[in-house]
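Below you'll find the structure I mean.
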Amino acid sequence: MGRATEVLEGLATTTAWQENLYRFLHARPELSSQEVETGAEIARRLESFGYVVQRVGGGVVGVLTTGEGPTVLARADIDALPVTEQTGLPYASTATTVDPSGATVGLMHACGHDVHITCLLGAAELLAARPGAWHGTFVALFQPAEETAAGARAMVDDGLTSKVPRPDVAFGQHVLNHAAGVLGTRAGPVLSAGDSIRVTVFGKGSHGSMPHLGVDPVVLAASIVLRLQTIVSREVRPGEFAVVTVGSSVAGSKSNIIPDRAVLLVNLRTYDMGVRQQVVDAVERIVRAECEAAGSPEPPTFEYYDQFPLTDNDPEVTAAVTAAFRAHFGDDRVVDLGRITASEDFSRVPDAFGTPYTYWGVGGFPPERPGPPNHSPMFAPVIQPTLSAGTEAIVVATLAYLGKDEP
Amino acid sequence: MGRATEVLEGLATTTAWQENLYRFLHARPELSSQEVETGAEIARRLESFGYVVQRVGGGVVGVLTTGEGPTVLARADIDALPVTEQTGLPYASTATTVDPSGATVGLMHACGHDVHITCLLGAAELLAARPGAWHGTFVALFQPAEETAAGARAMVDDGLTSKVPRPDVAFGQHVLNHAAGVLGTRAGPVLSAGDSIRVTVFGKGSHGSMPHLGVDPVVLAASIVLRLQTIVSREVRPGEFAVVTVGSSVAGSKSNIIPDRAVLLVNLRTYDMGVRQQVVDAVERIVRAECEAAGSPEPPTFEYYDQFPLTDNDPEVTAAVTAAFRAHFGDDRVVDLGRITASEDFSRVPDAFGTPYTYWGVGGFPPERPGPPNHSPMFAPVIQPTLSAGTEAIVVATLAYLGKDEP
Amino acid sequence: MGRATEVLEGLATTTAWQENLYRFLHARPELSSQEVETGAEIARRLESFGYVVQRVGGGVVGVLTTGEGPTVLARADIDALPVTEQTGLPYASTATTVDPSGATVGLMHACGHDVHITCLLGAAELLAARPGAWHGTFVALFQPAEETAAGARAMVDDGLTSKVPRPDVAFGQHVLNHAAGVLGTRAGPVLSAGDSIRVTVFGKGSHGSMPHLGVDPVVLAASIVLRLQTIVSREVRPGEFAVVTVGSSVAGSKSNIIPDRAVLLVNLRTYDMGVRQQVVDAVERIVRAECEAAGSPEPPTFEYYDQFPLTDNDPEVTAAVTAAFRAHFGDDRVVDLGRITASEDFSRVPDAFGTPYTYWGVGGFPPERPGPPNHSPMFAPVIQPTLSAGTEAIVVATLAYLGKDEP
Amino acid sequence: MGRATEVLEGLATTTAWQENLYRFLHARPELSSQEVETGAEIARRLESFGYVVQRVGGGVVGVLTTGEGPTVLARADIDALPVTEQTGLPYASTATTVDPSGATVGLMHACGHDVHITCLLGAAELLAARPGAWHGTFVALFQPAEETAAGARAMVDDGLTSKVPRPDVAFGQHVLNHAAGVLGTRAGPVLSAGDSIRVTVFGKGSHGSMPHLGVDPVVLAASIVLRLQTIVSREVRPGEFAVVTVGSSVAGSKSNIIPDRAVLLVNLRTYDMGVRQQVVDAVERIVRAECEAAGSPEPPTFEYYDQFPLTDNDPEVTAAVTAAFRAHFGDDRVVDLGRITASEDFSRVPDAFGTPYTYWGVGGFPPERPGPPNHSPMFAPVIQPTLSAGTEAIVVATLAYLGKDEP
């Protein structure tokens, strides 16, 4: 633990540029798979710290070796969301993007990936600045497109496992809406499996005043949305984790034209593959039957996308990291992470190597006032102690594996 | 009637350019209140026929006088719709527009206003070419923005009644999906009153996997859509005309973000002002209560737009025009128009002058194969005898009032 | 018309016993096909007036002939409803019956058949008392089980057409919630066709706390009820008459047991056989598809019952009767009946004979305070002038056909 | 453990009469609070075993003391359910009862209370037969009216705590649909809190063909049922245990009468009092708002009944009993009970004394073919090894506290 203290001596200096970088990144969010400026900034900084930098599958990987020893991989995700920021922060994003329907919406780091980038860069610098304090290899991996479940897969598909050394252990970190400076860990499943389905149902267009000549897809979509509620309320075992969210329902563009289709974007979250299949089957059964009830002229279509794996923390790694956190932060700053309803594609990276991993949370909000949920247009972590805690956590977890014995 | 025959001697010549013009207009639709090229084309042609042309409230009015006598106004509407054409016609529209949400959609004369323009221009030329056959004043009025209920009002607001002579009688015509060459007339109410309401309901945004931290506006909107069905099915007297269509329901843009609002575009059609009020009250009652059921954080908003008056044909004018049609076309080509579910803002023009009017239908489809409803992306009238019948109808109705006695 | 005056001279005497009889009948309602005491009372009185009385198919028919001449049939229906009276009248019914599920409910003349019986008996007495004023045959037919659509059929099936002379014209009368003393007539369709369907849908029973082990028929039934609303609101042409009522929805008996089925009693009303078929098809389509959406273990069943024909008044008979009414009551007491949403099996009687008919309404409520609808637990016609007008109407209509020429 | 072996030497003899008694009880179910014959049979047998028997609050308590030592209370519940048996067993119940609406339904031990009675009587006999093997006091408590949550309260209200010695530990047992002969135990919450609500919503009655004159409570109830699904699917935290079941929905009795009210029997299950309150609030909010949406003429009423406490097993008692089970039955016959969705009022008994308790499950079905859920009309445990395992379990658990030291 003395090694962590040694490496963290430089924290004050690191913190200074981190806070500026954080505001810079927050104001310049980039959409999933479009992280051009973000990636360039990361690569530039990693190189300045002395890392060997590669671009892999749209992401950035920096590798630094100080000699014989194990390999630790730490991952940050770097993409932003099509959410119109409403935080009122001086460094709030004014960026916009065009959504799939062609509409303009705001763009925002509403999931805190700007925190993740900043902390991992900070840790990378601190480790690079004290090579005498550790031995082995540190891999700082910056992953694109986490929000669309595409980025980890893209890096693996681009040959990640042959481009960087196989890690012995891998870490992921996420800023959450609990108290800033507090870490949350847990062994076993901590993030759900996630699936998105684009459901298109077909009606028959008509003049708004002539419903009898058409088949109304707006009414059909409404029936489906209500019926889908019964999957969780009636079909899944009470107490079992399952979420069926229709995040988007879009049909028509004028009051007096009955459109000919409706599109529902459905999101599923489960912690068990059997339950996942049960829910998927129920969604398809309900949608098909509701189309029949409506007299729909054409069967519905189902397009699966943004599929996230389960995140299942290795018990040994989690225990080692939790112990290191407790020693460094004190017991009262290390809590049970609990099961988080959200999903992540982080695990695809260690799974590609066959490496055990742990994924922890770092709080980002005043203890007396928990933040809004991630993805909210109001999501605004306090800068400190969020950044310092997230940075220290990576250093401490890494040194639990790479730290040299005390002299 | 002999006068009609005389005026219509030129029909073959007129028909030749009409068919070309029709295809030209069909391929170049312009959205409501944006009829720039369409208006210029109309004005150019009217002038070439010898009419005194004025631009009024975004529309075009041509006036021609052949001496003492009554004044007849004939009106055509000229705007197109945001509908992506699927007719496969060689002259199909490829124009696009951007809808209020920012999405790109096709643009199409899906309501046949290109027929209306062409027929009224043809009639205007025919009348201008035979000034000796009639006496009085003919007003050819080309109205913008019928689809949004804004155009007639815009022309009146721009001083229409002081810019053209007060007509003694006014005519409107619409191409419908019955047999081409057949006219439909009826005294009394023939087109419904129409109202559009933009209803915005509020939820509370959240991550798609954390519904318990938000209020889901997608589910709220679905409940409203289903509940609105009960107005017609339970609250309005059976057999009474009332339509409540939700033409558009839009919420959210990603599967895993619960949005913070949903927007419903509701369209109402009624034939009775008491029923209209009953329906409006019921819509507001249901929306407000459903928002309470959802625990909505903010009351819904209601924005009324595109409000169409009742079209109520004058019995005397209708009788006179019907008689003239029967004499010219034969009894088997003049049928009962019936009550049409759609609405029109035509009546605002004669109402501004205090002028009695009649509004008739002209078929546009093969008798053995009725067309799709107006506003369908498949709406494609046959060119003939649609154009000739619509042109003759205006001439015949006009001469019923302006025709000189036989020599 | 003088003949009516002559026959109605006895009205004051008749009125005296009629008012008592009415209260007597009102207090002693009997359910459809169980009109034992009611039928006995009617038969006893008809015999006392001198009629030849037969019991036919559960009903009572009295025939009186005064010599050569046409035959007129007047019909009254005599059954009551399972409705718990809430009128607070001194002569309110306290009778009860047991409904199909075994529950006890009140029994009430909530449809005014007690008025019908009383008026027809009064007219029968008046005609019998003045045989010199008319010639021909009068048939007073008291029909059971109108509410279940079974009574007219039962009388026909029991040989009605061979047991009484074929009428030249037939009359039906119903008390309605408009002004007492006012008659309503109309040629053509005046009462809808009616169909009842017992729909049974199947779930899978379970403990109330274990929904995942069952299939919930309560939720299924709810989805069906809401979806059925869309038949009238979306599928039937606006302005076309169609009613789809779920009058009863019953499932389960304990809060913590999920039942294994739900039963819906659906009632349809239409004025057009094509629309009727469209609605029937839509009901079956929706129910079947909703069962599939629910994962129902067994297909639904549909049992059709209580099917009522369209009541379509003969134009000539209606004109003759209306003229007689106007002459007798004055123009201001004869109004347009309009189209009534309800149904009747009356027409099965004249249809069995091939006899033209008319069916009229007689008001039963203060003009300034229209009554509740028929079948309401508050349905309480004022005794006068309801009874006298209904009695006079039968006499006047009958004499329009049987009245001797003035001397 | 040797003591258990000694006491259970008599098991074969006990088993013989138990199997007959079980069939006898199964064929003679009695409804909650009406357990007259059942109670008499229990009392008669307890007395024959030598117990001091008292009737308390509709239940039966037998007390047996063998000298100084602790007091153990074991409880069985004895009432049956209004479920029509469909097992086809030779000893199936043919008993019937009349439900609150007046309908006749079958009566059945669909929750296995006949097993509970039989096992506890068997254990009582075995303990009484070997007084030398244990010291202390055994209280065999037979509780009425568990299904309605009334029985435990009734016994406590009738002075239970002053009528029997205060137990040091209390046991409850339930037959479940897992493998016969297998015991399930768990520390902490194992059975949910339960609440029932009778919700009455008001419409306005009308003739089925005149919906516009009424307010349809069938449609209102359907909307409520669907909306209630969103409490579990959207408002409760994913993975949190909560059940909202509408076990009964009843409105109307005829297809052509729109009734004036609907009654919903709602059942709630939760494992957390905060969640319970959240769910109760949501039910009331939704019902009230849906009544407003319907234009209901009167506010809804909510009657709470059958309220069950949480069953929260004492960790120490559970550990001691589990250890004794493992020693007696072997590790493979003792499994994790898990959290059961159902509720119980058992805990009111130990809570009245301030006594720690544990409640375990005993399987009743072939291992290869799990049974239907409790309360199913098909619920038919196999007689053996169900009865012997349930009997042994009570003896073994009791002797864990009362067994004399080995000699």
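Going in written order, the chains are labelled A, B, C and D, and every chain counts its residues from 1.
Definition applied: contacts are C-beta pairs under 8 Å (C-beta built on N, C-alpha and C of every residue); 3 or more make two chains touch, one makes a residue touch a chain.
Because the structure is a prediction, the values reported are computed rather than measured.
Summarising the inter-chain layout, the chain whose CA centre lies farthest from the centre of subunit D is B. When the C-beta pairs in contact are tallied for B-D and for B-C, the bigger tally goes to B-D. Work out the mean CA point of subunit A and of subunit B, and you get 50 Å between them. Computed from the mean C-alpha positions, the centre of subunit B lies at a distance of 45 Å from the centre of subunit C.
Separating the CA-averaged centres of subunit B and subunit D is a span of 68 Å. Subunit C has residues 209-211, 216, 219, 223, 226, 229-230, 233-234, 237-238, 243, 269, 341 in contact with two or more other chains. On the side of subunit A, the complex with subunit D involves touching residues 226, 228-234, 237-244, 269, 271, 339, 341.
Only residues 209-212, 216, 219, 223, 226-227, 230, 233-238, 282, 285-286, 288-290, 292-295 of subunit C touch subunit A when the two sit together in their complex. Interface of subunit C with subunit D (complex): residues 81-83, 98-105, 147, 192, 194, 196-198, 205-211, 213-214, 216, 218-219, 221-226, 229, 243, 245-260, 262, 265-267, 269, 306, 340-343, 372-377.
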